[in-house]
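You will see chain A twice below: alongside chain B first, and alongside chain C after that.
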Partner chain A sequence: MAEFSTSIKEKGEVSIINLKGFLDAHTAPTLENNFMQLINSNKFKIVVNFEDLSYISSAGLGVFMAYIESIRDNKGDIKFTNMSDKVFNIFDLLGFPLLYEIYKYEEEAIKKFFGS
Partner chain B sequence: MGIRNKNKTGELKVKSKTENLSEIRDFVSTYALQAGIPMTTVENIILAVDEACTNIIKHAYKLSAEGEIIIKIEYDDEKFMVTIIDYGKSFEPDRVPLPDLQKYYREHRVGGLGMYLMKSLMDDVTYTSIPGKYNQVLLLKNIRSG
Partner chain C sequence: MIKISRNIISTQLQLSFVAVFLLFIFKLFFGSTDAIYLKIILDILIAAVTFFLLLALIRFENNRATAPLSLIMNVGILLAIMFFIITFSDYLMPSIFDNINLKLKNPGLVYNIVSVFYILVFVGLASYFLQTLRHFFYLNQGRSVHIYFNTMLVFFMLASLSGNFFEAENVSFLSTTFFVVSVLLMVFNSIRISWIAFLSKKEKIYLLILSFVITILFIVNITNSSGDNIHSQILNAFSPSLKQFNLIIMVYGSIYFFILFFTTLFHLPTAEAYDRKAQEVNSLQYFSKLITEVLDFTDLAETVTDIAQKLSGSKAAWIIWKNGTEQNSLAATNIGFVESGKLTKQILERINFEKLTSTKTFNLKEKIVEGESENLFSVVSVSPIKTRGETQGILVAAKGAGEIFTKDDLNAIETFSDYASVAIENSWLLEQSIEKERLEKELDVAREIQRKILPLKVPEFPSLQISSVFIPAFEVGGDYYDFFRISESKLGFVIADVSGKGISAAFIMAEVKGIFESLSKTIERPKEILIKANEILKDTLDSKSFVSAAYGYFDLIEKKLIFARAGHCPLFLLRDSDSKQIKPSGLGLGLSVTDYFEQTLEEYSIDLIENDTIVLYTDGVTEAKNELLEDFGDKHFLNVLQSNINLSAEELSNKIIREITLFSSNHEQYDDITLIIFKWQQ
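This part shows the complex of A and B:
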């Protein structure tokens, strides 16, 4: 079975979700739960760090699409960081860079929430 | 120089459960690497097969875990072919347009992304449906060896 796990840490007002392993249709509900938890606790400034993610399918990308609207409606955002070329290529193929901000490093994404 | 061993075909039969996707990916990976395909292309083939099987689990079998998925692989020096068969509800691929991401985003629709990925990552994607009998999707990747 595919290994996938997430961990969430807080840096000030920003919540960072670290993804690890294989994100597919089987493991996507884990990430959905993370987003629901954050939204339920009124945490709308979210950075997703892909550094330890080995694989993503459209089921994983679908999670980001499912929650982005309610997060932006609450003056928040989901920003992506530390993507491998392999993972970035899939996002790129589906046109995600037009709709989401993608940064090289976590710190950069965090700063963007505060207008710098 | 072509590979001359006899393991140029393989078959995997699994139940329609998302937890089997990793086994499906490993199966495809083994044969694609054996065929001498470059890693980036291997990864693309794996993703395309994952998307096809995810669609089958979600749409043909509607998340029932009792369905059967058969994955057949056949390759030679020029092409790598994956045939995926299911006995669920038939699928009409012509009705799946290329995704308008903005629109999907507004409507929370994500199902068409997998189809778009399959078509982008493979050289040919062919659906055959015999309603009430079986559905088949053929994924083809042209390869060059030697």
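This part shows the complex of A and C:
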């Protein structure tokens, strides 16, 4: 039904995943593949840009949970940026802001990787 | 059945033996005679022997159902034997009897016995030839043409006997007339030989040679026996009718096989085309049967290559199948997977997989040169197998060095690949629908689990109106709620939403129910219960799954509601003066380790006053969508609640469900909807 797509671009050591469309149980495997690719090529500094994401379901949230541990074990992180209010609310309800760094803009998140 | 037919054979054989016996007796008593009535009796006896022998042979052959070609072979062998007997009778008979010419005129006892045996051989041969020719006649026609054959037999009789009885000058023309009519009937009954059409080319060539030889043999035997040799004399002396009958059968035989020879000759050029057509029809019949039978894709693929290989007369065939982004060879017939894999690689370099729309053929650049398979294949044909308008596979047929694909081969294989496409598409659709059915069954199970887990009715509790609504989504959404009577004055409740959908969500729900049911019996404080629940779920859930939950209890005596929220939707408190959304901090269950979970979890307490309305819900409510994919939303929800603040708990929940239904009437419900409303009445 709903469409979902991702694109990955590199900025220095940081990989940025752009999400677009509807992220739910049916489309989640696409994003899982992206994370697996990045981890397999030893890229652990990841920024996820939510600018074009219209909807995320609980199964979509699960994708981030699945990989965060192994990424942090490798001194990397997943940082979120450009969330719409609606998407942020979903993250917020579950307490994701307590577990992940969420930034307004992509550049802030990238800077954080280099800053600290 | 078999027993009965055996009985019939013996009855007819017995009758012919009786007739032979009578013939013996007759000869012993009367020897050679000129009396007309004795001649008639003799001819009747011979006719009886022939008739019963013929019947016995017909029965015998009908039961054996021998192939036409072997019958023809038998005829050939018997003709050769006949030829030798006739030829050697010239030398043999005089050596047995001192003066054969004298014996013929004045036979003795020994001669009579020998001559009966001698003519029996020829009666037998004539009967066999007649039986075989009759067999071929009926092979050709239906059963409704007895009249043609039987008429001919009557004329055979007339022609045979007339020679004996109408010797007088004025009636001798009768004998000639009967003979001519017989010959005409033979020709009439011999034309339109259709049974040879079903023979293969090889068999037709074989038949051509045989029929030629047999025609010659028949003619040779005719000339041999119509001369003035001993054989002819013996027969003539015994019974001129028998001699005439023998001649007629031989003429019939030569005419039939002469016509057979030319018919076969004319069939020969089209024999190959006929062979191919027959094979095509066979293959397609076989295949259309398989379309309905084959449930397994691998079996189907193997059948496809097997038929393709036979149909195109190729050495080997296989399918190149697109599997995601890879192309593999499968169902290789008459070729190893390694070899077909190598050839596949070569083929894919030459053609564009997606753009192959018709059958093509080309020579292989490098032939297989490893080991024994050297120069095994030099030319291949490739045909697309299309499903849903896309080239999904390629049917490959390969021929050896020096061979080519003819236009007919390519046409056959192209037609066939179309059939194969349909079959493979069917197989695929079938697999899809089986998968769909399986998923639906699974969802049925999930819905059943959910139905059993959720409370049947809301509890009755003093000072509290309670209403709950649950609307399941098609794919079980994982909503769970429950009430726990902790004590006379305390009522606990939980509302939760499991991440994911379907059967896996249903199983987690069952686990969550167990956790809260047991924890609520031993622990009172909502925060502690949620901490414990997180601890258990963090261990048991996989890293992708989590559960949002809110747990709390009403205290009648203290007039309080105490609750904590683990990542669940906020709670609404409706009060005349001050309606608000209450969202204490808290992570979803299963997201984080105990320490951090505990640190971030807040417990919230509300001092209840008369008509306070508390609303709990899952995201199915606020994320209900309209046709523009807009959410029902928090604000809309709160507006509806506030403007209906005076309704009872039951009325209010009905009102909200109506609003949601109205809002999302043009969009399928995607997630479970759960709504619980408490109204404090103290």
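Keep in mind that, in the parts below, the second predicted complex is superposed on the first by the 115 of 116 C-alpha atoms of A that agree within 3 Å, B and C clash if a C-alpha of one lies under 4 Å from a C-alpha of the other, contacts with A are read in each partner's own complex, and residues count from 1 in each chain.
What we mean here is this: a contact is a pair of C-beta atoms (placed from the backbone, for glycine too) under 8 Å apart; a residue touches a chain by one contact, two chains touch by 3 or more.
These figures come from a predicted structure and were not determined experimentally.
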TODO: Considering only touches as defined above, state whether A:30 meets chain B (first), chain C (second), both or neither.
DONE: neither
TODO: Look at A:59 in the shared chain and tell me whether it touches chain B only, chain C only, both, or neither; answer first, second, both or neither.
DONE: both
- [ ] Once the structures are superposed on A, label A:84 by its partner contacts, choosing first (chain B), second (chain C), both or neither.
- [x] neither
TODO: Figure out whether A:94 sits in contact with chain B (first) or chain C (second), or with both, or with neither.
DONE: both
Open item on the list: After the superposition on A, what does A:69 contact: first (chain B), second (chain C), both or neither?
Closed with: both
TODO: Using the superposition described at the top, list the residues of chain A that contact chain B and also contact chain C.
DONE: 25, 55, 57-59, 61-62, 65-66, 69, 86, 90, 93-96, 98-99
- [ ] Could you please specify the touching residues of chain B with respect to chain A in the complex?
- [x] 17-19, 21-22, 25, 40, 43, 47, 50-51, 54, 57-58, 99, 101-102, 104-106, 108, 110, 113-114, 116-117, 120-121
Open item on the list: Considering only the defined contacts, which chain C positions touch chain A in the complex?
Closed with: 478, 497-501, 542-546, 548, 567-570, 583, 585-588, 591-592, 596, 600, 619, 629, 631, 634, 671
Open item on the list: Which residues of chain A touch chain B once you look at their complex with the stated criterion?
Closed with: 1-2, 22, 24-26, 55, 57-59, 61-62, 65-66, 68-69, 86, 90, 93-96, 98-99
Open item on the list: Quick check on the complex: what are the chain A residues that touch chain C?
Closed with: 25, 54-55, 57-59, 61-63, 65-66, 69, 86, 89-90, 93-96, 98-99
